Every structure is written in C-alpha cells, then in structure tokens.
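What follows is subunit A paired twice: with subunit B in the first complex and subunit C in the second.
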Partner chain A sequence: METVSEKTGSVRGPFFEKKGVDRPCWSCKSEQVDLFNCISCKTIQEFLSDTNYFASLNQGYTLNIDLEQLEKQYYDLSRRFHPDYFQQRSKEEQEISLENTALLNKAYQTLKDPQKRASYLVRLVEGNDEPLKTQAPASLFEDIFEIQEAVEEMRFLDPSDESGRNNLKETLKIALEKMQQYQKDEREKLYGHFNEWDQLESGRQSQDFTDPQKSCLTQMKQILSHSGYLDRVIQDIKTALKF
Partner chain B sequence: MPYVVGIDLGTTNSLVAYMDGKTPRAIPDENGQVALSSIVAFFQEGLSEAVLVGEAAKERLVTHPEETVYSVKRFMGKGQEDLEADLKHLPFVFAGKEKEGIQIQIGEKTYSPPEISAHILRALKARAEKFLKTTVTQAVITVPAYFNDSQRQATKDAGKLAGLEVLRILNEPTAASLAYGLQKEKEGIIAVYDLGGGTFDISILKIKNGIFQVLSTNGDTHLGGDDFDRKLVNLICDEILKTHDVDIQTFPEVLQKARLVSEKVKCGLSSEDSVEIVLTLPDQKTQYKRQITRTEFEGLIQGLIARTIDSCRQALSDAKLEPSDVKEVVLVGGSIRVPLIKERVGDLFQREPHSELNPDEVVALGAAVQAQILSGAITDMLLLDVTPLSLGIEIMGGVVSRLIQRNAPIPTTAKETYSTQVDGQRSVSIHVVQGERELVADCRSLAKFNLTGVEPMPAGMPRIEVTFLIDANGILNVTAKDLRSGKETTVEVTPTYGLSDEDAEKMISTSMENAKADLEKRQLIESKNEAETVLRHTEKALVQGASLLDDAERTNIENAISDLKNAMSSGTHRELREKLSALDQATQRFAADLMSQSVQEALQNKKLSDL
Partner chain C sequence: MSYSKKVIDHYNNPRNMGSLDKADKEVGTGVVGAPECGDVMKLQLKISGGIIEDARFKTFGCGSAIASSSLATEWVKGKTLDEAFQIKNTEIVNELSLPPVKIHCSVLAEDAIKAAIADYKKKNDIA
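Our next item is the complex of A and B:
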C-alpha cells in the first residue's frame, strides 16, 4: 500500500484512490481537488463525510495491521492536517484542520489497539454507534459471583483481622489468575479470528461482506463482549487487593 | 514579520524567549537577567496606584507582605474552596464569595489571579519589545501539562488582559522536549520530569522524524519547590513555638522572612551537607538558630518526592511502557537541583537523568520554538499532545460517563446521545466534569448548561447528541443538538468554581478510602441500573415470548422478579447481586430460546458501500 506522496500531494491506496475526486473545492469551487487539498487554490479539504477510521488512515478492512506503517501514515497525515500548520490561515481552513485532525487522532487511537480495532469493525459493519455491550461469559458466572462476594467481604473486613484478610487475598489472587488466563486464551482465539477474517477479506470479490465474514464477526463480538466485562472484574479485583 | 514570543509563566520565575535565526534565546533585562521573579507588588503613589514586578517587587515581600503577591500561579482557575489548606500560609488576604473565583484583596481593591498574572506578562512583553525593537502582540504561553480546563482558560485570560493574542497554550514538559529535541537531534522515547516552584509534571514522549508525540502525561498542580520551603517553614514555626512560645504565623513580616530563609537554606543544601538557619524573632532581638543537615531536610521532603515518583509510574503504565523503555530522562525546573530528586528519578528509570540543558530556561526556549512553528517558519517539527484528564458527563445516579479518556491525543472529539427521563421533559441539563473518579461529586465540575426546547415526548424518546471538542490548547468546547428538532446550543465552558471539588491532582484517587467508597457507591448504582434494565427487558419478554413458557417456569421467573424489586428498594449491593443472579438463572433457558431467533438479524443485508 502506498502512502501519501509528499511532493505532488496526490494519494494512492485502496481508499484514497477509490474515493477519488467527487466534489468541488469548498473555497474556489475548482473541480481540481484531490482528497486533502485543492490543486488550484491549495486550501485544505474536509475528509469526505462518510470517512471511517479505516479509510481515514488509508487502511483496508484487515485486522492484522502493520503498526509501523500505521504510525507512519498517522504522522504523515498529521503533518498535513495539524492545526499548528494552519495558524496563519483563514478561519474556515483552521476549522477543517481541527476536524480532520480530531478524526485522525481518534482513528489512530482506535486502530493501533487490536481489541478496539476489532470492536470498531464489528460496530462499523453492524452500523452501531454505541460501544459494544459487555456480558459475563456463562461459564464463569459462578466464579464472578464468588469474586464479587470476596471483594465485598474485603471491603467490610475488620482492619485487625489479619488472617481473614490474607485468606481473602489468597482467594482473590487465585481468581485473578484464572480470569487473566481466561482473557489470555480468549485473546488467542480472537487473533485466530483475525487471521480468518483477513483471509476471507483478501478473497472477497463482491461489494458486500460475505456470510462467512459475518459469522466470523459474530464470534469476535462474543469474545469482545466477554473480555470487556472481565476487564472490569479484573480491575475490581486489583482494587480490592490494595485494601 | 512580527515576532511571536514564547513565555514561561512560572510560579517562581517567568521568562520570555524568541528565535534568533534557528536558535531559541531567552531575552534578558537591562541587567542581563533572564528570569523575572513572578512577584507583583501594589502600592499607592500619591493618588494613583502603582505596580512593581520582579526583583523590585521581591524587595517589598518582607516590608509589605500584605500588598505583595507571589506564587499567583497556584490560584489560577481555582475557587475559594480549593484553597482552605493554603490560606493560613499566605500573608495576603482573599476576598470573594463562595462558589466564585478567587479574588486577592490588596488595600481596598480586589484582583483576580489572571489580573495579577497579566502584570507579569506585561512586564515580559515590554522587555521583549525593548530588546527586539518592535511591538509584540502574539505569544505562546506555557502551562503545566496537568493543568485542567479552568486553569488553562485563566492563563489565556491573563494573556488577553496583558494585550497578547495567545496563539497557543502549550504544556511545559512538551515545550521542554522541543528545545531538547532541537539541540540533541535524538530519537526514541524520552521522559520529561518537570518540577517547578509550584507544580509537577511528568510526560513521556516519542520523538521520530521531527514528530514529538506525547504518549502520556501525569502530575500534580500543587506540588513544587514551594512545598519544600513550606516543610522547612513548618519546622521553624514549630520549634520557635516550642522553645520561645511565640507563634510567628501571626506576624506576616516574620513569616515571610522565614519563607525566604527557608528557600535559601533549601538551595544551600543542594551543595552543602549542612546549613545554618537564622531568624530574628518578632521582638527584633532574639535570634532563632539551628543547624540542619541535608539528610534531615531529605527526611522532610521524601514524601513529596515519592508522590512525583508515583506519578511517573502512572504515566509509564498509561503509555504501556516499562521504565527500561525510556531512552533518556530530561530534568526540567528549578527544583530538580535537590540531589535526592536526581537519585530517586535515576532509581526509577535505571539511568542517569540528563541535565545538560538549563533547567530554568528550557521551557521558555521550547515555547519560542513552538511560536516559530505556529508562525509558519518551522515546518519540519510537529507536536502531537494529549489531554491530561478524562472528560465526562453526569448520568443517572451521579455517575460519570466518560467521553474522552485521559491521554487521548488532541484535538479530539467525542459524541454521545442522551435522552430524557420523564415524559414531556422539555429541557435537558448537561453537566460536564473532568477527572478520573467514578462519581460526579469527586470530579471537577467544569460547566453546567441547559439544552432547552426539547420537543415534549415520552421519556427516552428524544435523542440529544452532545459533542465534546478539545482543541490543540487542551481547552474544551461543548455543543449539544436535539437530533429530532435539529436545535443546537453552543457552550463556552466557563469554570464552575468550587463545587466541593478536590484539586485535579487529587482526582486520580490513590487513597484506599476513596477507592473503597467509590467502589461501593458505584457498584450499588450500577446494580440498580442493571436491575432496572433487566426488569424492563424481562417484563417485555414475558409478554412477547409468552408462548415459549410453561406455567412452572413463568411462576419461577415472576417470583424472582418480585424478589429483585424488593432488593432494589431496600437492599445492599450484595443482595441485589444475589437476586439479579437468581433472576438470571430463572430466565436462562427462556432467554436462550428468545436469543436464537434474533442472533443474525443485526448483521444481515449490510452493504460495504453503506459503511
């Protein structure tokens, strides 16, 4: 995948190429506009209104991402859009620079983290704006209930009850390990689905995502909703261990 | 081309710098001094009022303590309630009402902290104009990275009052990194440890190809060299009270003298093993004398230094880094001359901190570099900074819904859709808060505003979209829009002073008490909210899925529902969890049946082109 060419200001790559020029410059109305700049008056152009995080960083819909390449893309685009470089320009240009950079920043924050990246793809395909709902994995219901009990007990423990504290801490530590191991195993599964998704995506011929892709996403969604819930449980255990 | 200058508006000293070709330089006064004491003295001259800034004002600290303001940076953007602990140490008088910004009373008049800071800025502006032989109207002003929104706004206001267009509010450690990067031309991860007179910041940055990307920042806007002095002052006060039965806190001149003596002693102990403290008591005859060793002094301040090390650890963990990932540690600020700091910072990062740069000037120099970037003269360097504190909005039960996480790169936006809670509700009030705690009451309230003219509809029907925008100054703008009527209100976020808030630095709770209480309250609120949702869904499902149930199962579920309702009105968190879990068990089979019908629905018929 090619990145933005510094010299000509022209861009290539799946998104930047596909979207092409389909709107006139907001400032001089010239039709000679690439994705970021008007070729004739040089003013900055807004991201197209339907630009999603993958598109803003010129990434395909793949889940295994080359982080160095992503960072380079982020830096290159930051150099183009950042408000610091528009301080002496018109108010309109300053606003566009601000909005483009804000989108870029959020996109980078999301895509550089594997779990956020996968959640975002799920929501994108579902057309869902809300964060994914978290849910406790059924197989861990009992453990979670016990953890909540222990956290609770820890809170109301008589400060002088050293042995009680130690027992509870032991219980919580064991639970913590179990939760962390579970998370680790789930993450492995998730990465398995990443590979599966990418393979399906590279073979995709149609405009639409295929059924196998959708079912792959459903499985990832399940894992993500569990791991989101367990993150919170793990956080609570860690807090309680400090009591 | 007019100069855009860089200004370090410090607690103790302030500086102004400019770019001399490709080199940033601090601008000296006529005596060759670059540091201007951040002290403002007011006095009557005939019928008019006169103001002195800097060294001249410093001389009046002891002679006219009530009219001479120092360390005003500590009060920027603060409310009355923030200051309780400080009041007794300060010789000047605070005025103003509760829930309002601080006012400092000088004679008959009162001044806000930005007004006083503006005097310092005016002096620096005049110095720069004289030196550069041109008018200066634009500046970059630095603030501690950990300053909250109110404190940044106050600093911007001060610039405005001084006749400066503030092109950028820049974080101090980030500024330092620019000056460092320019000189060293090194790449990799660096940590900037910045301990000034009144504030502490730690920032972790990645430098690559001229990009200075802040990965995380942490700090304490109420911790600095002043606090080291105060430890010594307290020691002196206590000892004098014990041995001479005199409370020097009731003698402003003597107290001020004690502060100045303490400052000298602290500086002396950076190179000497032992220094003598001498102070003349209020009777003007008796002298208090005692020898203090460096070890003794270190005993007094080690708790403060430990707090800075905790902040460093948090910053590393937020950046997902280990101490060994940091390639270079840069020390900034006057207080880093205390040897114990170098030692402790070195221990943490396992390497000798870097201190070749002048720790007093480097922030101002970096501000000058940023000024040059903003004026378009430097195009190969770029700063990518972050917001130090999470931002959120109050939701049901006094819980914070976080919209922007701390350390998010700025500028950034976040959107969230809210609804009404009562049928026919016509306005929605939105409460914006900043901080890391779970409950609104424990975060800093930034603003409350109303979105009026909501179409009257049943509860939950309206859709109100709230957008937070943090600009490159780290300053917040909030807009809200009723998605059904399209009506929009824009909100200038003005500080809500003193809503029983703790300071920003206290907001990241480390104390167990807070953590315990937070957890308890949060869990109860969350469980109640969860129970409400579960009840609503279950009751709906009982109607919709009636055919999937037999009588026994239905009775079972209904009993569990009524148990849960009882627990909601009177129960503890624990009882609620039990009843929730029981209901969950009772409905498991039923839920699974319902679910299997709808699993794939959401994913169907989505086209790539719709994305």
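Our next item is the complex of A and C:
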C-alpha cells in the first residue's frame, strides 16, 4: 500500500490546482506544507477553505476540460485520501481524509457533467449558492403539455386497443425526435458558449471577470435553466414508449 | 409534509377539469410550466361580453399544482378580465394553506390565468 508521504508530487489537472500553500500544518505548525500533506510530519491536510472545483483564480476557470485527465486525477486523489488508508492514523487525520474524500467526490460528479460544470461556474462567479432559477420559452410548455397528454393516454389505454397504441406510439416518437433535436441544438449552443468563455478566460488580465464573460455566462444560464427539464421530458417519453 | 384538507379536496374532486375548443375565438388558452418541478398546466377561459363564463384546466403535476389550478378556475368564473387579472398567487397560497416549497404552484396558476387572458386578447385584437 502506498503511503501518503510518498504522494506529495504536484497534481496537475482541471481541479484542486493551487499555486503555493500559505498555511501552516494544522498538526505540527510547520510551514513546509504542500497542497495535501505536511512535508515535515507527513499528516494529511484539509483542502484549503477557498478550494473550488476548478483551478484557482490564478490558473483560470476552464469549461472545456479533458475528461480522461479529470478521471485520472480523480482516481489519483481518491487513492491519496481514501479513509481506508487512514485507519491506523489519528482521529483528526481520519476526519480530514473523510472530508477531503467527500469534497473530491462532489467535485468529480460536478465537473464530469457539462451541464453541472457550467451551473457550478455560474454559481461560483455570481457568489450564489442557490440552484439556478429555471425558466423556459412558452412554446416549449405547449409541446410538453401535448406530450404529457399523450403519455397519459398511453398509460390508461385499453390493452386490447392495438391501433390506438400504435397511433400514440407514432405521436410520441415524433415528439421524442423533436425534443431530442431541441436538446441537441441547445447543447451545441451551450458548447459554443464554452468555447467563447474559455477564450475570454485565457485572455483575462484583471482579477475580476470581464463584462463579456458575464454576458456569456448569462447566455449559458438561459440554456441551463431548462436543460434539466428537457432531459426529464425525454425520459418520460422513453418510459411511455415501453408500455 | 402533508397536504391541507382543501388541497386534498381539490385533488380528489377537481373543479372544471377538461378542455375548451382552442380554436374558438371566445376561448383564451394559457399553457405554463415550471421547469424546476416539471409541472405543466393548461388553463382555458371562455369569455363572453367581457365576462368569464366558463373555465377549464388540465394540469400534469403535484397535488398542489392541481389544486391551485382547480381553485383558479373556480375563482375566475363570473369575473371580468380585469378582475381575473388581479388574482394574486398569495390569495391562492392562503386559501389552500400551501407550504413555502409549494408556492411556485400558485405562481403557476396566476401565470396561467394571465397567459389565457393574453391569448384571448391577442386573438380578438384587444389591446
């Protein structure tokens, strides 16, 4: 089993990247601390209080990320923090390993999903911990209402009504295609904004996010506000088609 | 969380459930939804001489959403467009004793009334 002290090399990747650590070790007070461990006494260190799922401000916030690298980093860090490796350690260290693992899992789940990743960035930039307020265009609700009606009809259909079922299936299949196309278009728009954002971010000189970045974020928010809804409707149709 | 008696009553005995003819010039249709909970609500008003003669709703959603829209159809009947437009979601919240997490259901009902009125006005070129 690898020991914690052997894993002090710098970890590069889309998250938990931080230049310099300016806090002493919680246990021995040594200043010789890297991101995860104390170099003197080898104890595990808590994540910095301002750790966010993305790179730190110095490194920039990137929306297009290498998923393979993300996964690799996740496994690497999981091995580093796994509570199993700390069973023989002090109670404090056990707790830190548990907390770090919990944060790591949340970070990975958030970053690997493009929609969750973007929502997280929005909340981070706006300094708001609330879920995104959701809204959608009125025409979408009309489509969805019709879909729900067909789904309901499907549910209460007389099992012997073959032709009724076939008609409904046809209606639902067309609706499914329409919604999937809509979802695809929205996703492409979102990825377009990802590129725009990353370009703006790489050219950012100031501490603060720029106005073009903020407006890019607003446009992403608009898409994100109903993407979850769309996913759910598509799921509803797929379920109904199995009846 | 449990539903209030009034919510359960509307849920079990929804008033004015169904549809009116969307193509009818005297019918205004409002379809609104809340992406956060997936609810979608259709509210239709039949208007004659500036008075709401009849109202119908159909809602796919939770008990509170169904009760809010059912109550809304009861309340708008006999009202003028302006009076119906004044109905506030808070009145629905009070009447049904909706808990804070269900307030958005009442907002949906208010939005549906307004959307139906707007549709009617648009159809009939009323500013």
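In this text, the second predicted complex is superposed on the first by the 210 of 243 C-alpha atoms of A that agree within 3 Å, B and C clash if a C-alpha of one lies under 4 Å from a C-alpha of the other, contacts with A are read in each partner's own complex, and residues count from 1 in each chain.
Quick note on the criterion: contacts are C-beta pairs under 8 Å (C-beta built on N, C-alpha and C of every residue); 3 or more make two chains touch, one makes a residue touch a chain.
Quick caveat: nothing in here was measured; it's all calculated off a predicted structure.
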Which superposed partner A:Val125 touches (first subunit B, second subunit C, both, neither): first
Partner chain in contact with A:Ser225 - subunit B first, subunit C second, else both or neither: second
Which partner reaches more residues of subunit A (counting touched residues only), subunit B or subunit C: B
First, second, both or neither for A:Phe209, with subunit B first and subunit C second: first
Partner chain(s) touched by A:Asn105 [first = subunit B, second = subunit C, both, neither]: first
Which of subunit B and subunit C A:Phe145 touches, first, second, both or neither: both
Contacts of A:Gln115 with subunit B and subunit C, given as first, second, both or neither: neither
Touched partner set for A:Asn37, first subunit B, second subunit C, both or neither: neither
Touching partner for A:Ser78 - first (subunit B), second (subunit C), both, neither: first
Common ground on subunit A, meaning residues reached by subunit C in one complex and by subunit B in the other: 141, 145, 148-149, 152
Subunit C partner contacts - residues on subunit A that touch it in the complex: 131, 134-136, 138, 140-142, 144-145, 148-149, 152, 225-226, 228-229, 232-233
Subunit B residues touching subunit A - in the complex, by the definition given at the top: 167-168, 208-209, 211, 213, 370, 373-376, 379, 382-384, 408-413, 415, 417, 469, 471-472, 512, 515-516, 519-520, 573-574, 577, 581, 584, 599-600, 602-604, 606-611
Subunit A to subunit B touching residues, read off their complex: 50, 52, 75, 78-79, 82-85, 87-88, 98-99, 101-103, 105-106, 108-109, 124-129, 141, 145, 148-149, 151-152, 155, 207-209, 214, 217-218, 236, 239-240, 242-243
Residues of subunit C that touch subunit A when the two form their complex: 31-36, 38, 40, 42, 58, 60, 115
